[in-house]
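Okay, got some structures for you below.
In the two complexes that follow, chain A is the common piece, with chain B as its partner first and chain C second.
On to the complex of A and B.
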């Protein structure tokens, strides 16, 4: 497989010794890793390993009891999700979290919300600067619609779309924010081979064309080994491996975790 | 066949985002506007204007306000009557304190007071949702009515406890008070409804409206996109209560002329909520259709029973309640998304009619 030449840069986000528990249940214990600029990082692990919790920690939805997160060189404290969004972290969800009553176009336009500056009084008039702003953002959104090849469904209510397209619209909504770090929670779950190939192409293109750093959770090992630059493996809330796809593939702990070895 | 968009090309995003992108819609709305603004004042008598059309327009405005909150932002509210009472009582206080002030300006200022009250009672919405929020807004309803009954300052210590709309003119034409012409009151209510419907439509197709709908449809995802839930919900409460406050002021000054708090009790909140549900949650047109349905249908039924079937007035009233209740249930089962959705389906059918495909 010929990977395009990429410049993987410095550390964009660094998590150190993160521990998260819900009551007595430890979801994550002492996990550290780095996400480097422009790379595609896959987080894998068996069910319940703490992968989704890790993403929720990164975008400020959960607050870990211990550990620090450094993003763009600054340590963060008690961040709310909208702050994370403001700093350029966007994500998609494992169970699609689109706004079902709105059209594809409106869903993706919502992704650009933070970039829209006019207040509601201007918007009520829908005239002058507010109209100009609305149309400028519409143009950017249309570029994303072209990129994802969903022109035909731009006015369709997303609740009526098939699953694969909904996943694509959700990616579009995340892209609309022009994020520096894109978190994808199982972007290919429940898709057939063709849809998976499409989605892989979009992920690689986003990474390649926009230079977006991507951290994704995925269960399809073929996909993970193919598209990611680096793989972090979690099991029972701990990190058991971290390295290039080839290193991880040969790691004994990883094989044990997936094939099932008693933990005692 | 009658309603086709074939051949109507748009060459800019602006044209594509217009309120009425299809020519037939523009003709229809223009005809409706001419009918409402010119024909109706010429042909309708005082009874129709004063007892039917003015309340219809005022309720439609209130339904529009509630639709912003419940239909677009997804926050269920039973405090509409209370917010309308704020509008009514504040318009009375302002216009008696500043008799020179233009009455439309008075209406808008009363709306601002109502918006402020709405923000206060919207604060619990950050923590509670759905039916629990409805109960919290019920507190607004009962507290505000109690307040306006209890504190004499609000009704200028009038011994009867009522507030009366004083005569106020704009450009030399009386708008409120007993001497004002019903046509003038009707046109005032119609103009305010048209302006607010347009402004609200603009809001809901801009980023504010998208933020409201995002909160309504999936609040967690909305937060992760960068929408701040409290600010967004409070803005919905503020704008919704502003519109409801103006509607309350109109109900007092244009329709009743003289009211006590009883006019704004919980029944009014329910009436407006039913209008929104029957008309269509999350639809501007639905607010107006819902109000028209709830105002016109009982009158049509009464006319049918008494005039058409020769029933006794009392029997007709009871039958009307039953049939009206049945009709509401029928509409909700046939189309849970309301009259606005039925209208949309009719338009889709008209694209092909009279051909099968």
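On to the complex of A and C.
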């Protein structure tokens, strides 16, 4: 696979000394790492390592007890979901969170809610300028639908779609926000080989064509080695490695974490 | 034979003999049903958007009516008093979000439900303290003359009530289906986590639904209060809203409307035509029996949305 040379830039997001616990359970202990502009960062690790928790910290679903999150140069102790979304962080979930009662089109459209310029209450007055705006948004949504090759299910209620397609719609909804930072929690879990290949292609294309920075959690090492620029490895809530795919693959701690214990 | 006759023959003979009277009975039932619909509608809005079963919806109607009467007693003209009361209901929505919902976010549904029971008692007490507990007359100038069309006796008040409820429902339907706030509301109702992730501010949404529910309660309170005086029994219409919800489905706006009308009409017809056979007071239990039958045979309600389950 030929990787075009990328212009990986400055730090977009930096987490420092993040610690998060639920009651007595320590999900994350003192983890720090950076995500640079335009890179694809993979977060890997055995089940329960704290990967999903980390994404939840980044988009403000979880509030860490300790640590700092610096996003676009602004440091905070915690993010909040609404602000995270407003500042360009979009995401998908390990256990798909779609609007199951809505069509594919409406799901993706809802992902653009914050792009709609007029303020929240004003939007209630739908007619006039707002209608024109709506049409522009519709066009953008159609482009995303074309990009993800899901034209055939535009009007289908997403609750009825097979798992692989739901994952794709969820990606579409995240893309609709035109994010600067895209967080993907196991986007390829439970997919067959062909679906995985499609998803890999979409992830690479998003990164390549839109310059979107991506942090993704993935279990399939083949996929991770193929698409990521850098890999962070978590185990029992601690970071045990951070480097290029090749460096990480040879790292003794990582081999132990994966081979020493049986997982899944 | 006599019993069968009373149940299966006489009522229908009565209907056939005086069809115009039958129509009047139906209209009477519809006008009571509109009230049930309005209260149920308030429930549905809040339940859809926040998963909270709002026990206080009936008391909200009472509180709104009490506030309206209280403000009018200061000598404020009706239209201004209406606006002021609506503002009070919106203020209440802000207070509920800040003081009740926000501290309880992510708690079990049952805890939120209990907090609305607390809210109901609080509002009852507050209304009582602010405006007194005696029965009050509410007259905002809705005409009440009766007139006849084609032999059917109609009351202007009931027409106004029906028209108001119809308009309210139409406005809400448009709001929910064609505006972006409506889209956000539906998104929140469908999946909280997903809604948060696309940046929908849950708190704003809650203030909006509670405001809308408060204004719907105000309309219900006006209708009911103008008819039977503003008194604490008003909050009891909330009890009738429960069977309406079972009939219509907890998450269906059209369901709340249709359910309310069916129960209103059903209990009136039952009372007038089957009352003699069953010893009267059918209005008191008809709704509950119908709801029980629905629970057994069609638990998702008339409008078929699946009962909400969270895993």
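By our rule, the second predicted complex is superposed on the first by the 248 of 264 C-alpha atoms of A that agree within 3 Å, B and C clash if a C-alpha of one lies under 4 Å from a C-alpha of the other, contacts with A are read in each partner's own complex, and residues count from 1 in each chain.
The rule we apply is simple: contacts are C-beta pairs under 8 Å (C-beta built on N, C-alpha and C of every residue); 3 or more make two chains touch, one makes a residue touch a chain.
In this text the structure is predicted, and so the values were computed from the model without any measurement.
S.K.: After aligning the two structures on chain A, examine chain B and chain C and state clash or fit.
M.R.: They clash: once the shared chain is superposed, the two partners overlap in space.
S.K.: Considering only touches as defined above, state whether A:204 meets chain B (first), chain C (second), both or neither.
M.R.: neither
S.K.: For A:189, using the defined touch cut-off, is the partner it touches chain B, chain C, both, or neither? Pick first, second, both or neither.
M.R.: It touches nothing on chain B or chain C.
S.K.: Given the touch rule stated above, what does A:225 touch, chain B (first), chain C (second), both, or neither?
M.R.: neither
S.K.: Pick one for A:138: touches chain B only (first), chain C only (second), both, or neither.
M.R.: After superposition on chain A, A:138 lies in contact with chain B alone.
S.K.: With the touch criterion stated at the top, can you tell me which chain A residues are shared between the chain B interface and the chain C interface?
M.R.: 59, 61, 81-82, 84-86, 90-91, 93, 97-102, 106, 109-111, 113-114, 116, 120, 123-126, 130, 134, 173, 177
S.K.: Applying the document's contact rule, which stretches of chain B touch chain A when the two form their complex?
M.R.: Against chain A, the touching part of chain B is residues 12-14, 17, 199-200, 202-203, 205-211, 213-214, 216-218, 220-228, 235, 239, 282.
S.K.: Across the complex, what residues on chain C touch chain A?
M.R.: Counting only chain C, the residues touching chain A are 175, 178-184, 186-187, 190-191, 193-202, 204.
S.K.: Considering the complex alone, what residue numbers of chain A touch chain C?
M.R.: Result: residues 59, 61, 81-82, 84-86, 90-91, 93, 97-102, 106, 109-111, 113-114, 116, 120-121, 123-126, 130, 134, 173-174, 177 of chain A touch chain C.
S.K.: Would you tell me which residues of chain A are touching chain B in their complex?
M.R.: Per the touch definition, chain A meets chain B at residues 59, 61, 80-82, 84-86, 90-91, 93, 97-102, 106, 109-114, 116, 118, 120, 123-126, 130-131, 134-135, 138-139, 142, 173, 177.
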